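Lettered A, B, C, D and E in written order, each chain numbered from 1.
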Amino acid sequence: QDRFITLASTTSTEQSGLFGHILPLFTRATGIAVRVVALGTGQALDVGRRGDADVLLVHDRAAEDRFVEGGFGGPRRQVMYNDFVLIGPGADPAGIAMTRDVGEALRRIAGARAPFVSRGDRSGTHAAELRLWQEAGVDPVAGRGQWYREVGQGMGPALNTAAAQDAYLLSDRGTWLAFRNRQGLKVLVEGDARLLNQYGVIPVSPQRHPHVKAAEAASFVEWLIGPEGQAAIAGYRIGGEPLFFPNATDG
Amino acid sequence: MLGILGLSLRVSLTALGIAALVGLPLGALLAVARFPGRHALVIGLNALMGLPPVVAGLLIYLLLSRSGPLGRFGLLFTPTAMVIAQAALIAPILAALSRGVLEALWEEYADQLRSFGAGPWRAVPTLLWDGRFALLTVLLAGFGRAAAEVGAVMVVGGNIEGFTRTMTTAIALETSKGDLPLALALGLVLMAIVLGVNMLAQALREAAGRGGA
Amino acid sequence: MLPIRAEAVDYAAGGVPILRGVTLTLEAGPPCLIIGPNGAGKSVLLRLLHGLLRPAAGRITPAAAIRGAMVFQRPVLLRRSVLGNLRYPLALAGLGREEQARRAAAALDRVGLAALAHRPARRLSGGEQQRLALARAAALAPDVLFLDEPCASLDPAATRAVEAIIAGIAAEGCKIVMTTHDLGQARRLAGEVVFLNRGRVVEQSPAAAFFAGPASAEAAAFLRGELLW
Amino acid sequence: MLGILGLSLRVSLTALGIAALVGLPLGALLAVARFPGRHALVIGLNALMGLPPVVAGLLIYLLLSRSGPLGRFGLLFTPTAMVIAQAALIAPILAALSRGVLEALWEEYADQLRSFGAGPWRAVPTLLWDGRFALLTVLLAGFGRAAAEVGAVMVVGGNIEGFTRTMTTAIALETSKGDLPLALALGLVLMAIVLGVNMLAQALREAAGRGGA
Amino acid sequence: MLPIRAEAVDYAAGGVPILRGVTLTLEAGPPCLIIGPNGAGKSVLLRLLHGLLRPAAGRITPAAAIRGAMVFQRPVLLRRSVLGNLRYPLALAGLGREEQARRAAAALDRVGLAALAHRPARRLSGGEQQRLALARAAALAPDVLFLDEPCASLDPAATRAVEAIIAGIAAEGCKIVMTTHDLGQARRLAGEVVFLNRGRVVEQSPAAAFFAGPASAEAAAFLRGELLW
């Protein structure tokens, strides 16, 4: 295929299997192939800044805004959300399954000094986790090296680690649903409004990088936030459960 | 799957070919020639065997990135970029290992070849030819490193499905999806291919060896 | 190339002095035989004269990197066929393919190895290897040929034949510089003799005079087979 | 930072030591002994030089994971696990490369040692000792591979801050954060350390070489 | 160990027949000298008798893997000091440290290398290497000693001295099986002679009879120096 764009995205979206579902639909509709480079959010933004991708799909609002303010691309459009879930061993030694309050759950984990695996890679998920600890009034860094374990890896490896250590962790629902090596892990806390995970799409600036395929990138953004794309996102399910919820029109 | 396998093989073998073209003569030259700085070069090459793939990948990434010096060729996230990164990674390995191997041969040949009036440049192809059986193991080490390598190809190739996804990046991906059985199965397939290449090399060596050594 | 002059040459290796104050001149003419006990420094001297080693002190002229061709005491055969070994230096000398083939065939024939042309060279017997090494050096038609005990592993008939070959090469104007432990052979071939002992040139004399009655007591003892380690 | 560096060095050198203890004698034995299956073993080891670190990591992971056969020792995500994974990864490399190097030496020694009545078991230490200078390059290749390795230590070590984070996993982390300058700086530091180890090895070799070879 | 019998032994390598139908018996007694032209198969025969090679057909008894000790035509010295080379096989034979040191020193002394004990062995001169190899094998005090042209690189005095050493070893009851191209040496040492030509044992005779008048025309030609390649 001659017409293609390069999309820099996050490992969580790639590993959830979403792209395998929606991108063929886009290509069939427009004749444009999409090459997905799945990276850490920070690295994905860096790839965009250097002009090595045409469009970005990421989930770290603060970092996205800095990117747009820096003139590296834009406008940012909101695409979809999914939610984070608090996962832990079925035995639930910290007893968090009863609560629906994520702050309370985190406090119990800290109180029980139960093993907790943190992404520790300054990804969107990591940023969300740190925000939740702060809101819960706990400084987990005090438990570093004991019960609080920063693994510095993507979502999947973090889940692998938690599975092997019977540890708690925060995961995005999409990666969790697609994840196969669950061993004893279960979703223990979900549905708290603070657990929302918003994704945005940003075309890279053709002013800054003239070689960028602006027209193709624009049609990708258009399609993604348009009815076809939004329907495709809603249509991606694992075991009947949707992983992502389209919300482009809300923004 | 077949496409991924093919790409893996193609990238590793091309990288090996390029690295051999640079690394083996360099190794032979270092075994043969005595010049100021040779000692430092040898140590440097030995140390480069410890170059982390991710670092090599990053350097090539910065070179090939649109904002880098070679950006206008648009090579980033292509198989070509992966070949470049792997070749850069294994050329020092081939050079360092072949220097070690050929130095023993040179110890035996030096006086005789110098007596024939062969300078270092002429001695290099002679050593490479006469040492070809020992160099086979060196080449297989280079191939193994290239075939197993994931850090560098991931950074400069981007693990793009259907375009730059190799066996190793696919294995890494399945591992992060937690699909360990699939990851292991892919690993087994890759090892089977690598084994096949090794058996082929060995068979070639034996066919050549029968001709007289 | 000739004359080759060594002037007050010293050589040491591994902290051990091997040659001391060696002065000699090799002029065009009949073979020069370098004789002396084991460890006297004969092989090292040949390497110096050939240009493989550099003197620690003194000098050797002309200063060309390599002078003539040499057959080593322990032949070094390449991992190739007998023929491949012969052609290698000829190719290196820039001869055309046909000339290479012609010379190689003639050289093999001369030392009786024509039937073994396609054998791997390193599988030859000791004597065959030595003959191959001699043929290989002689095929280069050098103006000086250094031979380090070229007949040590040869059978009696081969020894005589190789002596004839050497004499023939010398007659064609090539300077032969050779070591041997076979005093009969030295007598048969030598035009002049250099007697080396413990790293020093004890005497350099015309062969006839040397064998009739050497100037030094050491050489006399050596000739009587009494100069023991 | 110092802790990470120390851990990196400790893990790589320990793995190298263990791998050398297994790999070098095995390589020497393969150079020396003729037994049924030797040929297959040689090819297998050559192919194992292409074992992807992630696959090696996964196998060790499954072995050490609490549901695995060695689960009760609780070694997963500890430096010990990283040492095991790296040793498993480089032992075949050391064995394959040393076999190649020592086979040349054995070709020269075989008749003489057999004449002395030395069986394969007795010939092994002799070859290792007399070939020690050539084996240095092999060891440095193994060390380089261990020092540069990230895939296996990541899987079995988990890159846990302050506990199993090594230089290479830190580099991978900074890369994924998009902090390329920091990643490169860490890479430079690692290379400097590797260079230091190589210089030390070279100095040792020279000191030993002066004693007589 | 003795007698060693070879019965109808064939040997081939690289597709080339090297020995054909070799039958001979080595009994206790004075040295057995194997002589014959270059490439006759002498070295291969010694390796077979020593136990390093296995016959392609026929058999050699006793079937022990290795019989006695051997000095190769091209000495193989370990990358160690002269002394290290001497001690290696002694250690392998299980001798105690003191006995090793004693025997090594005596052996070095015997071949005139005591002064070079701490030199790297592979840097020795050709003749020194050959003497070291002989000393190393003899120090094992084997009951059979195979010597493949042990004097090829030795100077005249060293040759005589080594001949005396060999005769001494033989007198102590060790069976010497040796090749040489020096017919004078063969005459001086041999109790019996095996004449080998083109891979066949042409004759095995008592030395006196052989040198007085060999049974075969080939051997006669060889003795006259006329059996050329």
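By definition in this document, a residue touches a chain if its C-beta (ideal position, glycine included) is under 8 Å from a C-beta of that chain, and two chains touch if they have at least 3 such contacts.
These are the chains along with the protein names UniProt gives them: B, D = ABC transporter permease; C, E = ATP-binding cassette domain-containing protein.
The model shown is predicted, which means the values in this text are computed figures rather than measured ones.
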item	value
Any chain that touches chain D (ABC transporter permease) and chain A	B
Most distant chain from chain D (ABC transporter permease) by Cα centroid	C
Contact pairs, highest-scoring chain pair	B-D
Computed distance of Cα centres, chain C from chain B (ABC transporter permease), in Å	45
Whole-Å gap separating chain A and chain E, where each centre is the average of the chain's CA atoms	81
Length of the line joining the C-alpha centres of chain C and chain D (ABC transporter permease), rounded to whole Å	48
Chain B (ABC transporter permease) residues counted as touching two or more neighbouring chains	175, 180
Where chain A touches two or more other chains, by residue	39, 153-154, 157, 160
Junction residues of chain C - those touching two or more other chains	14, 119-120
Which pairs of chains touch, using the document's own definition	A-B, A-D, B-C, B-D, C-E, D-E
Sites on chain C touched by chain E in the complex	13-14, 16, 36-39, 42-43, 73-74, 111-113, 119-120, 123-128, 131, 148-149, 152-161, 181, 183, 222, 225-229
Residue ranges of chain D (ABC transporter permease) in contact with chain A within the complex	61, 65-67, 76-77, 154-155, 158-163, 165, 169-170, 172-173, 175-180
Touching residues on chain A, where the partner in the complex is chain D (ABC transporter permease)	39-47, 120-123, 144-145, 149-154, 157, 160-161, 164-166, 183
Touching residues (chain side chain D (ABC transporter permease), partner chain B (ABC transporter permease)) in the complex	39, 42-44, 46-55, 58-59, 61-62, 93, 96-97, 99-101, 103-105, 134, 136-138, 140-141, 143-145, 147-151, 155, 167-168, 171-172, 175, 180, 183-184, 187, 190-191, 194-195, 197-199, 201-202
Touch list for chain C against partner chain B (ABC transporter permease), complex	47, 50, 52, 65-66, 69-70, 72, 76, 78-81, 88-89, 92-93, 118-120, 122
